[in-house]
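Next come two complexes built around chain A: one with chain B, the other with chain C.
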Partner chain A sequence: MTAALAEKNGTDAARPPVRDHRTPAAHRRGKPGRERAFDDVPRWQIYVPLGIYLVFTLIPFYWMFLFAVRPAGSTSLVPWPMTGEHFSKVWNERSFAVFFQNSMIVGVCTLVCTTLVALAGGYALARFNFRIKNGFMLALLCSQFIPGALMLVPLFEIFKNLQMINSLGSVVIAETVFQLPLSIILISGFIKNVPVTLEEAAWVDGCSRFRAFCAVVLPLLRPGLIAVGSFAFVHSWNHFLFALMFLSEQDKQTIPVGLNTLIGADSVDLGALAAGGVIAAVPVVIVFAFIQKWLITGFSAGAVKG
Partner chain B sequence: MNISKTQRGRAAAAVSLAAVLALTATACGDDGSETGTEGSGKGEITFWDNNGGPRTAIWTEIIKDFEKKYPDIKVKYVPIPIADVQSKYDTAIAGGGLPDVGGVGTAYLANMVSQEALDPLNDRIKGSTLNGKLVGSMVDGVKAAGGRGDDMYSVPTSANNGVTWYRTDLFKTAGLEAPTTWANFYKAAEKLTASKDNKFGYTIRGGAGSIAQAIDAAYGQSGITEFWNGDKTTLNDPKNVAALEKYVALYKKATPAADVNNDFTKMVAQFDTGTIGMLSHNLGSYQDHLKALGKEKFAGIPNPIGDGGTRVQVSNPVDGLGLFRSSKNKTAAWKFIEFAASHKWNSKWNESAGAIPANTEAAKDPWISATESTELAAKALTDGSTKIVQLPYYLPDWNNISKADNEPEFQKLLLGKVTAKDFLDKIADELNKAQKEWKEIGNG
Partner chain C sequence: MAQAAAVATPPKVPRRRSASPRRLPYLLIAPAGLLMLGFIAYPVISVFYYSLQNYNVTKPWRNGFAGFDNFTRIFTDDDQFWTTLGFSAQWVVVQVALQLTLGLALALIVNQSFIGRGISRAMVFSPWAVSGVLTSTIWILLYNSSTGFSRYLADAGIGDYGTSVLSDTGTVFWAATVAELWRGVPFFAILILADLQSVSKELYEAASVDGAGRLRQFFHITLPHLRDAIILSTLLRGVWEFNNVDLLYTLTGGGPAGETTTLPLYVANTGIEGHDFGYASALTTVAFVILLFCSIVYLRLSKFGGEHK
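Take a look at the complex of A and B:
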């Protein structure tokens, strides 16, 4: 009776008793086994390796930041005095304002297209059984082994015949196509984790399949959508090859192509290159800073259980 | 009416197949070998700059002036990053979409000529204001690089030259003579090295672009002036082997250990941050040194003179402008090439690039002698004091042999995993085969 009442009230009394395997000492400290093991490790054994890893990770970024804000000719190892001349040069003189805008359009459109198509494909793979399903999954996996460069000439010809060369749309389509296999596999994993009974309950209440999907399944896919979307955005933001090959007008080019034009045949303006690198890195850093939590949840839920 | 799943599947398959076939059929468009037309001499032409970015400002100026002179012609400027220009051209040759005019270096000219992407320009030059006004050695270089006898597939615009950049302040402090000879070079490399203080006499190119520099050092010391002896290359001549052994022995002894991955950007950055005494590069990095070190702290001279008393250098790529065969407006495209290679603009372009003009009148302009390194390089190329070993840029395999195939081998050489002899024998063998194949298809 108490248990039933507790269950109703959601208290611990409703749960079956859990056997405590902790040692008496750990019991005295009142911590479960795994936490105790973590607490017993001296702090330096955790922070020193982490610190070393961080140094290796952050030095290239520091180098980039240093060169970006240091006046030309300075050999100082600290970013002082600071200058904005390199940022001003790449943003205004080297058209990075335009490249940034183009990259943003490509990134956001790829994100939207990839997510929408992956949702549809992933749903089909998760909820329907059809004859070539396994073969289709295998084909999706195999497509990951094909490098983009191999498809360059056929894609170029197709876009040329569709009058899409020099259009950002060609890059969006190419990026979406190359992002889709992994995205579909990931999304189908997420959808499989949503009990089909939830959808069935919505159908019983009068929802269509689409309405049930939107009302019941979609909200539960948030970590997966964020993972897939951010992956699509970051990949298309950084991708160089398609933008270089399909876009032959200066005002259509994207940030990675712009960055490469800062390296000449025989000379390189390191300050401008570093400033361009900082500009290119900012959106990616912001995206990851905001979605970090969802990204980890998303990948652990979709990728492992898929 | 009920449509079975099988029927629907068949219908979907048919539609998909039709779409694929339609796309495949329509994909049979123009490629690089399509013959274009002379056109009306008016309208829009597209120009691909093969060193887009660093040269954008000067090309914008040239185009503005050109459009002022020819108001009926508009030039669409497309900057292409230098590192990827060959793959961009190759994709456009295979898939279509080539420009009317493009910057073409001799390093990849043969590859484009062999794909029939460019028009020969001899007749156009004969009937133009450029006739007789192009530096002879550069014309020869372009003809040789095209690999089709006397046919010229680009109008040369500029040439670069190997330069030994050195820190005059460090040399003065150490009481060293300028590295005008190889003996002085090795002496300075050793004396300026204090590896404990992170100071090194020299920086060696171990990464991208290492092969040409290593070959330059080998011929420069050996004094051999011909690349071919009949059908066999002189590259693995014992004198070159000995010279290369001496040169790579500098690695880690007088250079940073990280040089094994050095491309030109890292070399120039190291030199400009003040830890290196000497650097072998070309005229193109002058502005970088000037910005970083100031005029007083460095100087640039042509490569050192060998023991035989003669300066020997390998040929540097000549840059030029090519007219694409698929152009639909060749008349307007040629006007643009002629304009860009004229005295005024060839001079201005080369002044901004720190290179040597191909226009004979531009080569006499006062700015050439204003910078010692440029003046000496120009003299080295034109006064006969320097013997130039012509590298076989005309071989379609040259880029593979001198880059992807053997740059990792040079790293092995630096790390002591192969000998200089084995390294040069391997390249020589590949070059001999490439030369034989090239001749078998009716060249040379």
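Take a look at the complex of A and C:
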């Protein structure tokens, strides 16, 4: 108590008279207290809430894993003895092997298309002034308010006219289009953060605009591009409604649609459902583990502020 | 001769560059622009168009211009519109408020330096990557009355056997809310943590030299710094929660007894299962206008982008 008071007095005294003769001493005395104030949060205040939240986060994952690997009929809470019967059942009989392949194709194609188109658009927004620029920005922002779920019927008619129903291309296009606005805004923010003088220096050295972009700007965009690309992959891997509507043949469907079929089955086979869930989770969890550091750097590059 | 060429070359390079920049930006936004025109603008316009039509595949003899009939029906003769709109509002407000609070707390915790920070971050953020359908899958396993979590609790003497929280109208809202929170909190935590990286440490040092406690530092430094990020992320998330149907569609199917039917779910049922596309389009138009109006009001009230304080 007295120590705290003394410390407070010390820091108070150090405040107004900057050239006070006591200042250096007070400064020195104040230092450990100051660090404790913003850095040394008591450990329990970190670990207790974090522990509670970790339990909330991890138990559902554990539960799914448990149901996927324990034999049917078992009520054990430890995943031992393990069985692969549920996995082989969903993978072969419920055609998750095909769904997995389809989801991969959709995910990778969406990633490539979104990144390339958004790079071009983002570069234009970041580096040029042109007449319809503000209108284009406004259209990008407004499109965020359009419920994709409510566009299903007109989109279905468009793809029917293009004869793309039951082709994975329709899902790739739809996913790309709905990923684009946010991706363009993010990428243009990242490009703005790269000083234009770097590019100009490359032009002076004789590079074309395209080569200068590839050699100078692109390497600096790496964290941003990883964030945007993985967004596109994860979203298209996860997204359900477009695939549900546009792909009716079973050998064209994707993993979320397959999961939904398992959920809706007359007598839900929980083991198979859990195994399907694990198969759906593995790729995105791997992608996530790889990108989560980039995600923080990517966003803190000022992109959130537009 | 060689000298003349050297003199002639430099102006040529800038000219080549100054000629293209006029068309280049249009070329660059063309792919994005064309895709959005074809697959966003055109569907939106056709929704507006169909909202003024009677258009029902199962009753083709009635198809034709309807004027504002569909809209009149929405506002005067459709109880389901009002109940689903009410539920959507409740869902969005509860979700955004809880996700923001928990996400902010989580971001502040994992922003401290402690042992095991990297792995903790990766684990608490991981549900971000999980889809609505997968979330439903997981929570169906947890909520299942015979093999789920409640059975083990009942074994231990807490609660009753045989209650499924998803089929009870009293508990289904909170059951769905917890499931959605599980995957929604990391979104806020990631964005806020990213924004926390740019708060200057000197501000905290100065404040603590001035004797401000951690609580006061939070309210006077951290929160004002996060303001714009919080406004933007709550808005984006609110719109997203309003529009998204994956989780409720697969977890509860809008049930029991229509208890968890949001407006978009109602629209999807009307248009896709009821084949009444004209009416569904009118509902979509109304939902879009409501959403846009609420967003503008929200941005105005929160003074987004304004001076801090």
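Here is the rule we go by: the second predicted complex is superposed on the first by the 262 of 306 C-alpha atoms of A that agree within 3 Å, B and C clash if a C-alpha of one lies under 4 Å from a C-alpha of the other, contacts with A are read in each partner's own complex, and residues count from 1 in each chain.
By definition in this document, a residue touches a chain if its C-beta (ideal position, glycine included) is under 8 Å from a C-beta of that chain, and two chains touch if they have at least 3 such contacts.
Not measured: the values here are computed from a predicted model.
On the superposed chain A, the positions of chain B and chain C overlap enough to count as a clash. When the two structures are aligned on the shared chain, A:Glu249 is found in touch with chain B, with no touch to chain C. By the touch criterion defined above, A:Gly121 lies against chain C but remains apart from chain B after alignment on the C-alpha atoms of chain A. Of the two partner chains, chain C is the only one touched by A:Gln144; chain B is not.
Of the two partner chains, chain B and chain C are each touched by A:Ile158. Of the two partner chains placed by the overlay, only chain B lies in contact with A:Arg94; chain C stays clear of it. By the touch criterion stated above, A:Val285 is placed in contact with chain C alone, chain B being left untouched. Touch criterion met: A:Leu270 reaches chain B and chain C at once. Of the two partner chains placed around the shared chain by superposition, chain B and chain C are both touched by A:Asn260. Once the two complexes are laid over each other on the shared chain, residue contacts for A:Thr75 go to chain B and to chain C alike. Looking at the superposed arrangement, the partner reaching more residues of chain A, out of chain B and chain C, is C.
In the superposed three-chain arrangement, chain B is struck by just one stretch of chain C from 165-173, 183-191 or 201-209, namely 165-173. Chain A residues in contact with chain B (one complex) as well as with chain C (other complex) are 75, 152-154, 157-158, 245, 260, 262-263, 268, 270. Considering their complex, residues 23, 26-27, 29, 46, 48, 51-57, 76-84, 87-88, 91-92, 94-97, 99, 160, 264-265, 268-269, 273-274, 281-285, 287-288, 291-294 of chain B touch chain A. Taken in their complex, chain A has these residues touching chain C: 8, 11-12, 14-15, 30, 33-34, 37-39, 41, 43, 46-47, 49-50, 53-54, 56-61, 63-64, 67, 75, 77, 117-118, 120-121, 123-125, 127-128, 130, 132-133, 136, 139, 142-155, 157-158, 173-174, 176-178, 180-181, 184, 203, 209, 234, 237-241, 245, 256, 259-260, 262-263, 268, 270, 273-274, 276-277, 280-281, 284-285, 287-289, 292-293, 295-300, 302, 304-306. In the complex of the two chains, the chain C residues touching chain A come out as 17, 20-21, 24-26, 28-29, 31-33, 35-36, 38-44, 46-47, 50, 102, 105-106, 109-110, 112-114, 118, 120-134, 136-142, 144, 147, 149, 152, 182, 190-191, 193-195, 197-198, 201, 204-205, 207-211, 213-214, 217, 228-229, 232-233, 236, 239, 242-246, 250, 264, 267-268, 271-272, 277, 280-281, 284, 287-288, 291-292, 295. Against chain B, the residues of chain A that register as touching in their complex are 72-73, 75, 93-94, 152-154, 156-158, 160-161, 165, 244-245, 248-250, 257, 260-270.
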